[in-house]
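Read from first to last, the chains carry the letters A, B and C; within each, the first residue is number 1.
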Amino acid sequence: MEQYSMNLTLKVWRQKNANEQGRFDTYQVKDISSEMSFLEMIDVLNEEMIREGKDPIAFDHDCREGICGMCSMYIDGRPHGPWQNNTVCQLHMRAYKDGDTIVIEPWRANAFPVIKDLMVDRSSFDRIIQAGGYISVNTGSPVDANAIPVNKDMADASFAAAACIGCGACVSACKNSSAMLFLSAKVTHLALLPQGDPERRSRALKMVAQMDKEGFGACTNTGACEAVCPKGISIENIARLNREYLAAGLVAE
Amino acid sequence: MKWSELFTSSVGKKVIMALTGIFLILFLIVHVGLNATIWAMDGGEMFNKGAHFMGSNIVPRILEIGLFAGIILHIVQGLMLEFQNRSKRKQGYAVAMGNKGSKWYSRSMGVLGTLILLFLVVHIADFWLPNRSNQGFLLGEEINLYDKMQEVFKQEWVVALYLLGCFSLAWHLLHGFQSAFRTFGVSNKKYLALINCVGIGFSIIVPLAFAMMPVSFYFGWV
Amino acid sequence: MLDSKIPSGPLEQKWVDYKGHVKLVNPANKRKLEVIVVGTGLAGASAAASLGELGYKVKAFCFQDSPRRAHSIAAQGGINAAKNYQNDGDSVFRLFYDTVKGGDYRAREANVHRLAEVSTSIIDQCVAQGVPFARDYGGLLNNRSFGGTQVKRTFYAAGQTGQQLLIGAYQAMERQVALGNVQQYTRHEMLDVVIVDGKARGIICRNLVTGELERHFGHAVLLCTGGYGNVFYLSTNAMGSNVTAAWKAHKKGAFFGNPCFTQIHPTCIPVSGDHQSKLTLMSESLRNDGRIWVPKQQGDKRKANDIPEEERDYYLERRYPAFGNLVPRDVASRAAKERCDAGYGVGTTGQAVYLDFKYNLINKYGRAEANKLGIANPDTDTLIRLGKEVVKEEYGNLFDMYEKITGENPYEVPMRIYPAVHYTMGGLWVDYELMTNVKGLYALGEANFSDHGANRLGASALMQGLADGYYVIPYTIGNYLADEIATKPIPTDHPSFIQTEKEVADRISTLMNIKGSQTVESFHKRLGKIMWEKCGMARNEKGLKEAIVEIQQLKKEFWSDVRIPGAIGEMNPELDKAGRVADFIELGELMCKDALNRNESCGGHFREESQTEEGEAMRNDKDFAYVAAWEFKGESNWELHKEELTFEVAKPTQRSYK
């Protein structure tokens, strides 16, 4: 792929902390290589701002290889930017051309309050997991790993759901700020394995209750979450969660 | 878990929407089937027979109460959900996501539903209310509904309004039909594909049939 | 002075005997004992969960926004265990032996044997937790082979094994949070250890959101803070991975073991330019199916697919016929560097070699699929098409990642790869119980030095992290805490807490008040350059001596000219980074010092002065069969302590993969 360089205009959401009002600021970045990653482009801008005595843009990022789930930017009206099945950190500048204007916003949802600039607080996701996103086994001497065969298709489907990185793009894309895709990925991951079966009913009930408490909206099956999920988690998981929830709710006393 | 907890959770509320939605879909089948008899070309004889049965027999009249309960529940719950869901994002985006990932009608169920509601008010005022009031809201004498249709569908603006109602209904059904089944927990790809097909068919055929009724009267085809 | 506390008795009985005689803490007393866990990767999360389950009061800290972000999540290939499910001759002894040999005889036999013993339980535990490992059609677990071994003992979940294992440990930990046994502190960074009467009793940390310093007490402190590969600036580590917690412990008295042992991973995506902020690994498992080559002609500028078969040099297969492309990481990395240095490198920078899947795509997978489908005499296109499907299932995510970063499709053209810093075998010195020489201060996982010697084998890091957290620390910590049951929680207004917090606060304000002209990042880049060039894949006396001087100068410059924007009492990522880089600079000096001291080549440490005529690494067991444990004595001043290594079972031989 031929390398080229470009000048860009960035409109970035700046907000000092959770309590203050935010606003958009406009920046010009020059000589950006098409081989840079999007975050490296922000690095360049930040370095320049520090040298000029300005406050650099705060944003969450860590592994920069698309797996930790920390990066979170809503770029030009799409979480994680224009590429499919992708995180911001894996977005590369060859997606843009000279002269483009890019608008960058944080995830927006009441359940994800802004901490600073583009950083949001996603601890609500941890609390949803705490509500039941696990199998209750203590460390010790469980049965041999091969004692319970697991149907390969089920194991693969479970893995596909377990690939969720907990980034929150689903919430940010959903018009209702619903966390159902995140939640359903976890419920599916555990419900499809025989090890997760004993708790599958209570798990669905408890996790949905926690989601409601955290201030996420309800799912209306629009599919926006699935379209932006960097790991391609399927919306069919939400249907499975609904089934798990109903089956549990109708019999739980 | 109490019933009240079950049906007030975010999933439970959706289940109510789906249940009432499916119930209303079933009603639409009966309604469109019965009304299609206007095309029997018998001057409304068969239609009036059917209408008479629906208006005078105790069973459909009791079911009618259920129907109203269903409609009201669907509307109230739907509007509440719409407002609750909207309130979950106090600060909105400067650049909207638009159609990047979802269809406009799936995001517009509240608006489409409200349009249908407006249509319903007119529709009920046109037919149901005069008929029932003539009956003294009991099992009294009915009016000739076929004649009533002849009269009502002479006005252009009414026909236009009915077309708008059917149009809204089509888009509302296009999302609502399959969404209801997802809410009930159908996650199997094979069945989802089937439901999608049936849903698309239903969303086109039923509203189209309804739409043709005022048109037929207006142009004097029946 | 250095007591490794290795139990006596035959090797395979040591851990069994230890467990049989170790002191226990009764459940009622466990409630009264508080344990601090810093870091929530595989080692930290599994330790926090296990200790919480046992009934200890645990406080877990991480600098990320959630424990699930820890960089263990990025491990791709797999986790080793001596299950012998494949009936190919594996055993606990084999795993032990491979690990000691792979580590080039610089690891402790007793630790490694224990690791091999508990490896099988880890798999059982993870499966019970719901880790969706790859399975075969019969429903049983699948295995793949990994570099440096001749058996298939690696369990995996596509190319996301680390993620799945970490999510398992994270969920176990969140369960304990829900039960109230573990308290979780996210966006908190540990900035010092508090020592009271010679024992670690707590930490000072900075709340990264508010900028406030906090004091936390614990009867014991566990550092599970990972490795320090980011000292090289460019590495496959996460941007936030740092040495700060371990370094503070080191400056408080904990010895640093074998700091120069760095693993350079052979298969990473090459650097594309100066803007590069990090490097991305392509799992070692790709070497199972990819063949590594460079053109036979120097400076060949043709496209890879235009170079005919006979003009390609499959140099690993040529040099190491027995292991071929599956030689251990250190060997593969050096061989790539040797070819590139000799002018055979490919790509725009010449700092890359090809990893080519076409051969196996066609011959291995394509043919197997064709046989399955009963296609007689398939043509090449059919074979490629069929092969692609299989490769997609095995490595799809890696191939996609490669394409996103480079814009090239690795199904069509060979990948370009080059070695990059990936893992650090060195770390805080610990004894058999994982305790540093500071009482009550433990180091687990990559943060300690113990199990991998001078080179870690693929799929062993996940194994070690989980072994330490699930199966070792729950036993060994009891041996210490059993004597602490009478110790009441020390209030955090104790003078030691106040004093330590003041030191931390002073350092922060010193940093903020420099108000110089150069950014933190620019210093980090310069440090990385020095380290990579002079303490990287090949090291020599002259270079190391120069590096030490350069680093000392860099340090001076840093402390007089760094520029940190913002304020102290607020979220300030640049300030956090500055503290980490300041520690990296000091560590860099120690690494060079250690590399200079170790005048032998072993594992990841290649001293140019110590090589055979054929250019292979030459170990010197007579003079260097020891762990170099460095004691901090003041600025640029360290004292070397040696822990002699004895090999009773796995007798040292010169490693040969020919």
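Methods note: a residue touches a chain if its C-beta (ideal position, glycine included) is under 8 Å from a C-beta of that chain, and two chains touch if they have at least 3 such contacts.
What you see is a predicted model; the values in this text were computed from it and never measured.
When the partners of chain A are compared with those of chain C, no chain appears in both lists.
Here the chain at the heart of the structure, going by C-alpha means, is A. Here the spacing of chain A and chain C, counted between their Cα centres, is 26 Å. Computed from the mean C-alpha positions, the centre of chain B lies at a distance of 61 Å from the centre of chain C. Computed centre separation for the pair chain A/chain B is 37 angstrom, with centres defined by C-alpha atoms.
Contacts from chain A toward chain C in the complex involve residues 1, 16-17, 33, 35-37, 39-40, 43-44, 47, 49-51, 53-56, 58, 60-70, 83, 85-86, 90-92, 94, 115-116, 119, 121-123, 125-126, 129-131, 133-146, 148-152, 155-156, 158-159, 162-163, 165-166, 189-190, 193, 195-196. Only residues 1, 6, 9-15, 81, 84-98, 100-103, 106-107, 109, 175, 178-179, 181-187, 189, 192 of chain B touch chain A when the two sit together in their complex. Of all residues in chain C, only 46, 49-50, 53, 64-71, 73-74, 83, 85, 121, 123-130, 132-141, 157-158, 160, 163-164, 167, 170-172, 174-175, 177-178, 184, 186, 209, 236, 238-240, 272-273, 275-278, 280-281, 400-401, 404-408, 470-471, 474, 517, 519, 521-522, 563, 565-566, 570-571, 573-574 touch chain A in the complex they form.
Taken in their complex, chain A has these residues touching chain B: 11, 13, 24, 74, 76-78, 103, 105, 108-111, 173, 175-178, 180, 205, 208-209, 211-212, 215-228, 235-250, 252-253.
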